[in-house]
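Questions regarding the structure given below will be posed in turn.
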Amino acid sequence: MRFEELNWFDIENYLQEDDRLILVLGACEQHGYLSLTTDVKIPQALADAASQQTGVLVAPAINFGASPYFLGFPGTLSLRLSTLLDLVEDVVRSAFGYGFRRILVLSGHGGNDGVRSRLFEMSNELGDLRIAWYAWWESHSVSQIAQRHELKPAHANWLESFPFTRVSDLPEGEKIPPKVAGLLGAEQARKVYGDGVFGGHYEVDQSIMDEVFAAALDDVLVLLRFE
Amino acid sequence: MRFEELNWFDIENYLQEDDRLILVLGACEQHGYLSLTTDVKIPQALADAASQQTGVLVAPAINFGASPYFLGFPGTLSLRLSTLLDLVEDVVRSAFGYGFRRILVLSGHGGNDGVRSRLFEMSNELGDLRIAWYAWWESHSVSQIAQRHELKPAHANWLESFPFTRVSDLPEGEKIPPKVAGLLGAEQARKVYGDGVFGGHYEVDQSIMDEVFAAALDDVLVLLRFE
Amino acid sequence: MRFEELNWFDIENYLQEDDRLILVLGACEQHGYLSLTTDVKIPQALADAASQQTGVLVAPAINFGASPYFLGFPGTLSLRLSTLLDLVEDVVRSAFGYGFRRILVLSGHGGNDGVRSRLFEMSNELGDLRIAWYAWWESHSVSQIAQRHELKPAHANWLESFPFTRVSDLPEGEKIPPKVAGLLGAEQARKVYGDGVFGGHYEVDQSIMDEVFAAALDDVLVLLRFE
Amino acid sequence: MRFEELNWFDIENYLQEDDRLILVLGACEQHGYLSLTTDVKIPQALADAASQQTGVLVAPAINFGASPYFLGFPGTLSLRLSTLLDLVEDVVRSAFGYGFRRILVLSGHGGNDGVRSRLFEMSNELGDLRIAWYAWWESHSVSQIAQRHELKPAHANWLESFPFTRVSDLPEGEKIPPKVAGLLGAEQARKVYGDGVFGGHYEVDQSIMDEVFAAALDDVLVLLRFE
Amino acid sequence: MRFEELNWFDIENYLQEDDRLILVLGACEQHGYLSLTTDVKIPQALADAASQQTGVLVAPAINFGASPYFLGFPGTLSLRLSTLLDLVEDVVRSAFGYGFRRILVLSGHGGNDGVRSRLFEMSNELGDLRIAWYAWWESHSVSQIAQRHELKPAHANWLESFPFTRVSDLPEGEKIPPKVAGLLGAEQARKVYGDGVFGGHYEVDQSIMDEVFAAALDDVLVLLRFE
Amino acid sequence: MRFEELNWFDIENYLQEDDRLILVLGACEQHGYLSLTTDVKIPQALADAASQQTGVLVAPAINFGASPYFLGFPGTLSLRLSTLLDLVEDVVRSAFGYGFRRILVLSGHGGNDGVRSRLFEMSNELGDLRIAWYAWWESHSVSQIAQRHELKPAHANWLESFPFTRVSDLPEGEKIPPKVAGLLGAEQARKVYGDGVFGGHYEVDQSIMDEVFAAALDDVLVLLRFE
């Protein structure tokens, strides 16, 4: 269940039984031909599926992340990392105040990794807060699927091309990954990446995407045990 | 159209024709028997309706606002005002970077009013940025409807009870507004407000709600002209 | 009594008997033909009068507020809202440290409203701190006087034209309020508002001003009971 | 002339002729038997006197400074240094925006010295801004007077005991300065300093105070030439 | 050459010929039996070696990083990530001001990765600034050496055990990596990691360490070409 | 002993016996013909010498300070004061967490003085933290030596010209101190100070430097008693 469908009495009741929460940490940034909120949609889909199986609540999504390198692609709405740190802190601290103690952060975006630093700082301060962090695209299980199918996972390529992230037709075939040296500023990134995809297949068979989703969901379910 | 359904090419194309953007500024906070994200859902509904009529794009919603006084009601996830200021700044600044020049902020929550201060600061800095701000529940047009029906608008009462914000049954009848003196901290607010509603009718006839929505939508459409 | 006329022994003695404090939260901003510090002078006058009747102490005034929209009028000295939040926090926190527990903030300026958000945050943190907030010009009692005399209250018009805020002659008659759409940046505000007054009568009979002051003072005295 | 007695037209007119401004940077902190706002009153008196002779305008005083070490003495209202930096920046930046280019900061309080760092940062950014800083009690001219009369200047002793800072009777005679090692926290400072005076004569002949004031005023007048 | 051995004339002269700079970004944190400043010493050694071959200057090391998870191990001196972001920004901005345009950041510590976000933000702002980032322990070349020798690289194990990071005897043999779930707070990390090493061999043959260093140095030399 | 030569077990053991720490607070800024890190090297040398005699540990140096006024001299790497405050806070707070209770800050740079404000704030918060601060060049003992030899101490002149801070030949003779009025921005400072030295002898007999060092070391040893 999502907070969106609940009122405060529901949360109070839930906390009688459980102290877990799923927090979707996304981004609004270019994903080539895919939706600008691909990094929200994927962890949200995982959160909803996991919630359905476990009953663990899902907080409203954090729709923005830190994507300074994509500010040359219209539609990317990026937070300074310092803003994002404060935002996540405030949400987590609010939840902690009611008795949420085990929070699984489902990140959809690599640029948000610095957030873990603030979460560690908060863990140090808030005695019994436990945080788990899951970045589905870097997970061992998803990597193995990619390897098995001899596919290279990369930003905005097949890896993120789910039915629910597609908002237009995709090019056929494969893109040769551009050569990148150093940290590319927004303007350079626009030039180097062209359509915004980091290379590889634009799309693969839906059965592979189902495999990927199922594997990630399994990981989420394991993490939700907080063992 | 929402950013969620678009990719960056779509935004680039849109900016050839238009420079307007709707930004939904909500909150995740107790609304009595109504959804915790009532303050997102109402401006989002207005934004979607206005977008359908005008084609103006809608950015992903800011799902959290400043609600420190409701931190005694489980499920309220509140940002410090300073965090919210930075968050809105970063989103607006990103949009400005691509050529968005006229931004209508649809606020769903009174506690977010301080954001206008930062928007003024940004207007001063960013020459040709134009910002309009709409707080539907304080608008002249909505107030008039309330007066005509001899209804008092208040937090989480009939005023916000739309079909799409209702997540449970509502009490019948009317609540006597509690007496409030001074700024209530979270703990006091919980005691004083009981179920979280500020008083008055819990619900009114749907036809009145339709009137309210239509009136607010008209206001939004006028503001989108940026005259 | 004002802090200005006291030493620290006096404060220590006072705290044996009372834990109330009045904090004047002003602004230095254009007020048309009136003093740049009109928003300090009015609440200061109320504070002094209330102090005389009740003995409650008055802290040194906060002479600056958030007035970004008036930065096109020379003499407006505006704080970023974030600065103002920190400033008020530090003053209130210092006072709390000595045992002040009931603090009445007399605001002279609408642009300072966001400060309440930080005060709520502090109330949540500092158990027994109680804050009352009074914005005299928005009070029910002052509005009623305006209505009775068929006058419209507005920035820098008759409403703020007390003998102690006048620093030059005033124009005769009435100003037609300019039409305003959206949030005006500093440059636009300068153009739209001309002399800086928001419209209506520049001045009214002193007896009305006495009524206004007396009504506001009554409100302050009631609030100082902290009931 | 003080801003308090002027409206924005006056400032605009002034800036046709002059671009100098005096900014009083004070503190609200224990001064033994003297006024809590001694550090405002002294630079304010110097500012008023200098303004009378030169016509240079005086901004509203910054009534609070950084006095963390005196937070054990009731009535000290201290800003974090970071807050003070932002406050001074905002005031100076506002003034710069209208054309003020030469700003003399009259500091009344040693704890505010860190502010110079921010002023340097601003000078680097704002090309033709010129800042002068005057801490009267550390000036060569005042030190010489103290030496000539074989007096030791110290916090809250004779040095700051002007008719306009006295708010109660003063002890007779001399206080032996306490021994201080390390940075004293607020609690320790309270114990070590007792009445809050750092030692030496509580009071000296008024003619000496007149000498001190005249010498400091001379310095201010020289600095106002900005040569 | 290090800044430590130069004066400002030397920097001015250097900038006539070159615009590159190496910045060592370290940490002061537990490394099991190794030096607390292992994460400074390794990139510093690489910087010195690269400087000797290329003449590129080396700025004074940033001796502290973000290590909140190790605050249970005495001697770890950790910066909040927000502090570290500001620190690196100020250093880079200062260097940029003199004409340094190509800056290679040699990071010694994974917890500092969030810094890249601020560097991207700065690249967007400062047109022609180019930043390269090197985290030697994650590099392809070092990974390959580990794989070839069937060694697992991990925090504070053989991988970081250079002659110049060793400050005591090392245990013999191998440590079984502890099982870790979720983000460990400081207290938990202390319990889980025991001696602070993440597992694997404590030490390997010096010839392997020489290989590692040579490979990393090669990478650094390539990156210094900024191609 | 320096942290650089220790591992975390060493710190844990040390804290069984002692709770003192020396923190070197330096700067990287122009010192005329002397090393850019003169302000690190001198307090570091004092720290090492004092550590050798007392066994008190020395934390890794803070290599950067607040030097905004020297940003016109290539090689000065300056922190905003606000950054420096946070940096020192984080280091001190980390150390406090392990049981360090008496911390001697050896400052090498006058521009860092504002840091004391934050240290006072921390002392107020962290009950039994004791901080001592030593600015060797302002000490009574060093001043006396200068007076005895009829030498004027000043930035980058003989006073800081130790064998270990010299990185090039020094001019012979004496420099006439330039006239300075107001706070010089970076550009002005460059013009006014020429080679960066504030005037006086560039160099004096080594025996005087030995006297200076010995006197400062004596002071440090006394302060380390924390009496």
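Chains here go by letter, A, B, C, D, E and F, matching the order in which they are written, and residues are numbered from 1 within each.
One rule holds for everything that comes next: a residue touches a chain if its C-beta (ideal position, glycine included) is under 8 Å from a C-beta of that chain, and two chains touch if they have at least 3 such contacts.
Quick caveat, the model's predicted, so the values are computed rather than measured.
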item	value
Set of chains whose contacts include both chain F and chain D	none
Shared chain contacts [chain C and chain F, defined touch]	D
Euclidean distance of C-alpha centroids - chain A vs chain C, Å	46
Between chain A and chain E, centroid-to-centroid distance (C-alpha), Å	28
For chain A paired with chain D, centre-to-centre distance based on mean C-alpha positions, whole Å	53
Touching two or more other chains - residues of chain F	71, 80, 82
Category of the chain touch graph - line, ring, star, complete, other	ring
Circular arrangement of chains, read from chain D onward through chain F	D, F, E, A, B, C
Residues of chain D that touch chain C when the two form their complex	3-12, 15, 28, 30-37, 40-41, 59-64, 71, 73-80, 82-83, 86-87, 89-91, 94-95, 97-99, 167-168, 196
Sites on chain B touched by chain C in the complex	66, 68-69, 71, 80-82, 85, 111, 113-114, 116-121, 123-124, 129-133, 181-187, 223, 226-227
